[in-house]
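Mind looking over this structure? Questions follow.
Should a chain be cited, it is by its letter among A, B, C and D, assigned in written order, with residues numbered from 1 in that chain.
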Amino acid sequence: MKEEVSEITWSKLLELRPEWLWLITLILIIAPMIFPIHAPFRINESTLRVYEFVENLPEGSVVVSGGAGNYAFMYETSAAFIAFLNQIKNRDIKLIIFPLHPDSLMFEPWAIRVAGFDKVKEYGKDWVILNYIPGGSYITLPAFMQDIKGLCRTDLYGTPLDELPIFNNVDNYEDIDLWVDCGANSMWSLVRYVAPYHVPIIGFVHSAYYPMFQPFKAAGLVYEFTNGIRGGAEYEKLVGYTPWNLGTITMDAYNLYSIYVLILVILANIGTQILKKGGCV
Amino acid sequence: MSKVLYRDIMPYLLFIICFIPTLFSYYFNIPLLSKLTYELRGWSTLIGVTAMFLGLCNIIIYNYRTIKERKAGWQFGVYTIVLVFSWIIAGLYFGGLASPAYQQMYIYIKAQCWSAQIGLLTFFFVSAAFRTFRAKNLQALVLLIFAFIPFIGLAPWGEQIWPGWPAFSSWILDNVAMAGSRAIVIAASVGLVVMITRIVLRYEKGGLVRG
Amino acid sequence: MFIKGRVVDFVVMVVLFVATWISIYLAHRGKTREIRSIPSLTAVTEGVKRAAEMGRPVFMSAGFGGVGSATTMAGFAMLDVVASECARLEVPLRTTFASSETLGAAEMIVAEAFRREGRPDLYQPGKQVIYFSGEQYAWVAGIGGLMARERPACAVYMGTFFSEALYFGECGARVGALQIGGTTAQLALPLLAMTMDYLMIGEEIYAVAATITKDPVQMGSVTAQDIGKIILYAISVIGVILMLAGSDIVVKLMNT
Amino acid sequence: MINFWIWIGVALTLATWSYLWKDSPAFRWAETTYIAAAVGHSFIVGLYTLRDRYYPIMHGKPLLIIPAILGYFYLFILWRRGRWVASYPIAIGMGVGLATQMSGTIASDFIGQTLGLISEGGRIIGATPVTAFTNALTIVMTLCSLSYFIFTVKPRGVYGIVYKLGQYCLMAALGAMAGNYILGTGLSITLATIRRITFGLQGYG
């Protein structure tokens, strides 16, 4: 009798409506936002290399943020990008934004605002956003490397590039010290069309793409990648507090969420085995 | 006869005319061929972009039918049609993608919907894991065990209980997962070539039907 | 004349092409090999029958890929089968595509399948084939809503998918649909494995029509697929053995 | 002004997530809003692209008028008797796309992956025991998994064992990929969605 009751309980548990599972998930996701745990995690070698490379850039360097395809709004990579903006925002480093997809016209100004970059830096002198040029990166990227002003002519808001002070000393690939890419699917074209000019590339990529891109690093085409949101969290830890601070929060939620899924799966398996013994399954 | 010519043979010939130069320009170094292929790529991109008008028509027809038949929630049909056109008009009025007003619209409506939708995956993972990862037989047990090695390796507490866990999980991903996915990829490539050959030999229609 | 490093590519292409041609020719003369059963494939016809009994629609999607993708073509072959079954049993069919190009081709396929089964009156543009925009997650949201409202009894997914495979699987499981999924995309396969009732892994989707229709063309091309794989198997084994013996001749040969 | 937009974002997010409880008019509102916005946005991007693509017709490339017209042939689908006209643009898209895919797949998947497999054989002899074991294991697992995809041979005898092993190898691979994926994109985006709202309400963004 007692066994039967336990079987009924287990079978009820196994048939639990997913809505309840989802409700607990939501609570577990919101909890670390309100009560941050700041669980410890280690800093990966690659993130450290990215941080040190940016830290060692000489004053007056020019950084191009190019890429950020239609995955730009996948926030997995933006934590690292915003941490990067925070790292360079108090130094004399110039930023040129060159979108390779119409959607990154939306993403990059947003990221700049969130990082508070536009409050510290002056538009036109320290940073600039160029217009999206259709035609595919296999045409635009080589042209950009050869002659920036010839390709773009104006910035996003229609000002001719000659009138912007940032372009006084910037003409072609020789003046670019670093290329960063926030996104993922533009990396293939960057490797093909930017790497041959010996411009160092740093990619803030998705964890799904991170193992896929390792051969590029091994071949010396790309300097380093950060690994998804985990890399973002590590970058945030290195830079210190950033206003967005998504990565650190995510690491807390990761802990809770993964333990929760683990418990659920263990319960499900115990239930299945008990019911199997009772001959119910 | 002419019906067959226009409806069956001509589209097929057009397909072959586009297929052969594009394929052969990959293998042979003939300047004329690569120039032709470059043009054809441009053509197919242009046609692909123009097809958006069909998409617009389809969405209007679908919603119009919902309204006409007074199906449940037909009001949303009206809403969709109105919103599509007002979005297009607003976008063109504001001056396109670069304008700040359009960027506001994009970020707070479209991107917000996007991230909310994709966020549903987090929840679905929980219920899918609960439903699937049950060791009903040996195969399911293998699936379960190998799923949890990278899972714990990625979680920050995984490296706290055993420092070697991240390395172990990446070893599993680089070797076990890679072996399986490599087999899938190789086999699929053979199937793909045979499939395309079938279309070229006209044993299979693909998209080339009369309608 | 050959571009350097692409000679073997060309040879492989020609060999596979000829193998397909010959095996289909032989299959027409009755010389076929028996195909081992793939349980997920017969499930499709069962699923449509189930939908007819329950009076609920069938959902089919050939994925996110464009019209120039062979995976989508495999999905089209499946759509043809599903649409004919639906027309015959008068089951409502719902199918959606994420690109307006594939949408056009899908409309034509469904129209022809309905015409072939003698029910052209049931087909209307924009009724069976629905467009939910070309953006990935807007399309997914549309499908999520459609599934919750129309409650399909059977859902077939075959083509290129990404992370949305999980979304579809969970929405379908919630309304109790029989789900059959297959793809070659590495990103979506584990997700389909987690949620589907029947799974077609990788190449199985190209062999799909063979076990359903049993016509010589399909049987012949499955034989050709196997010939291709056996050649590949042989190359790999010989290559590895030679590698162990310290000779990289196979690698050099394949790089020509 | 900024708060107005934020509140729209909040409403859309909550409406979307209401789907988890059940399908409701709220979710339908979010869904149709998203679909309409996506269609509208892609239409605007398409119009700008078309403008740039049509430009060369008048300036030195008159032949482009052919695809420009062929593209509109898609609309014939809506007319029952003229439906066949639409197979012309489909034929071009299929021809170019399939040819590109075929050559690319043979190069990267067939040749490239086979080469990868073979070159792993070169890393067995003379390597450290761990590397040698890893590479040997990978080769065996790949070959076993590959045998799962042979359809015309009945799995019996020795081949039957290899076939069975192949099934387990595939299951292990799929499991590992799934486990890697669970803690991937979804969670960080859910968090970011909430984070962006709270952030916006504080006056940023």
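Here, a contact is a pair of C-beta atoms (placed from the backbone, for glycine too) under 8 Å apart; a residue touches a chain by one contact, two chains touch by 3 or more.
Just so you know, these numbers come straight off a predicted model, no measurement behind them.
Enquirer: Common contacts of chain B and chain D?
Expert: Per touch definition, common to chain B and chain D: A, C.
Enquirer: Mean of the CA atoms for each chain, then the mean for all of them together: which chain is nearest?
Expert: Ranked by how close its C-alpha centre lies to the overall one, first comes D.
Enquirer: Measuring from the mean C-alpha position of chain A to the mean C-alpha position of chain D, what distance in angstrom results?
Expert: Here chain A and chain D have centroids separated by 19 Å.
Enquirer: Can you give the whole-Å distance between the Cα centres of chain C and chain D?
Expert: Between these chains, centre-to-centre, one finds 15 Å.
Enquirer: How many angstrom lie between the centres of chain A and chain C, each centre taken as the mean Cα position?
Expert: So the centroids are 33 Å from each other.
Enquirer: Hunt down the residues of chain C that sit against at least two other chains at once, touch-wise.
Expert: Each of 6, 9, 13, 66-68, 70, 73, 100-101, 104-105, 107-108, 111, 125, 132-135, 137-138, 141, 144, 149, 163, 170, 186-187, 189, 191, 193-194, 201-203, 207, 225, 229, 232 in chain C touches at least two other chains.
Enquirer: Could you tell me which residues belong to chain A and also touch two or more other chains?
Expert: 18, 22, 26, 29, 74-75, 102, 110, 207-208, 254, 257-258, 261
Enquirer: What parts of chain D, by residue number, touch at least two of the other chains?
Expert: Residues 16-17, 19-20, 22, 28, 30, 34-35, 37-39, 41-42, 45, 48-49, 53, 74, 77-78, 83, 86-87, 89-90, 93-98, 100-103, 105-106, 110, 114, 117, 139, 142-143, 146, 148-149, 170-171, 174-175, 177-178, 180-183, 185-187, 189-190, 192 of chain D touch two or more partner chains.
Enquirer: Using the touch definition up top, name the residues of chain D that touch chain C in the complex.
Expert: Going through chain D, the ones touching chain C are 16, 19, 22-23, 27-28, 30-31, 34-35, 37-39, 41-42, 74, 77-78, 83, 86-87, 89-90, 93-98, 100-103, 105-107, 110-111, 114-115, 117-122, 124-125, 139, 142-143, 146-155, 170-171, 174-175, 177-178, 181, 185-186.
Enquirer: Touching residues of chain B toward chain D in the complex: what are they?
Expert: Spelled out, the residues of chain B in touch with chain D are 6-7, 10-12, 14-20, 22-23, 26-27, 39-57, 59, 61, 73, 76, 79-80, 83-85, 87-88, 91-92, 96-97, 104-110, 112-125, 129, 138-139, 142-151, 154-155, 169, 171-173, 175-190, 192-193, 196, 199, 206-211.
Enquirer: Contact residues on chain B for chain C in the complex?
Expert: Contacts found on chain B: 23, 26-30, 44, 47-48, 51-55, 57-59, 61-62, 65, 72-73, 113-114, 117-118, 120-121, 124-125, 127-129, 131-132, 143, 181, 184-188, 190-201, 203-207, 209-211.
Enquirer: Of all residues in chain B, which touch chain A in the complex?
Expert: The contact residues of chain B facing chain A are 97-98, 103, 106-107, 111, 114-115, 118, 122-123, 125-127, 129-131, 133-136, 144, 148, 151-152, 154-160, 170, 173-174.
Enquirer: Any idea which chain C residues touch chain D in the complex?
Expert: 6, 8-9, 12-13, 33-36, 38, 66-70, 73, 100-101, 104-105, 107-108, 111, 125, 132-135, 137-138, 141-142, 144-145, 148-149, 163, 186-187, 189-191, 193-194, 201-204, 207, 222-223, 225-226, 229-230, 232-233, 235-237, 239-241, 243-244, 246, 248, 250-251, 254-255
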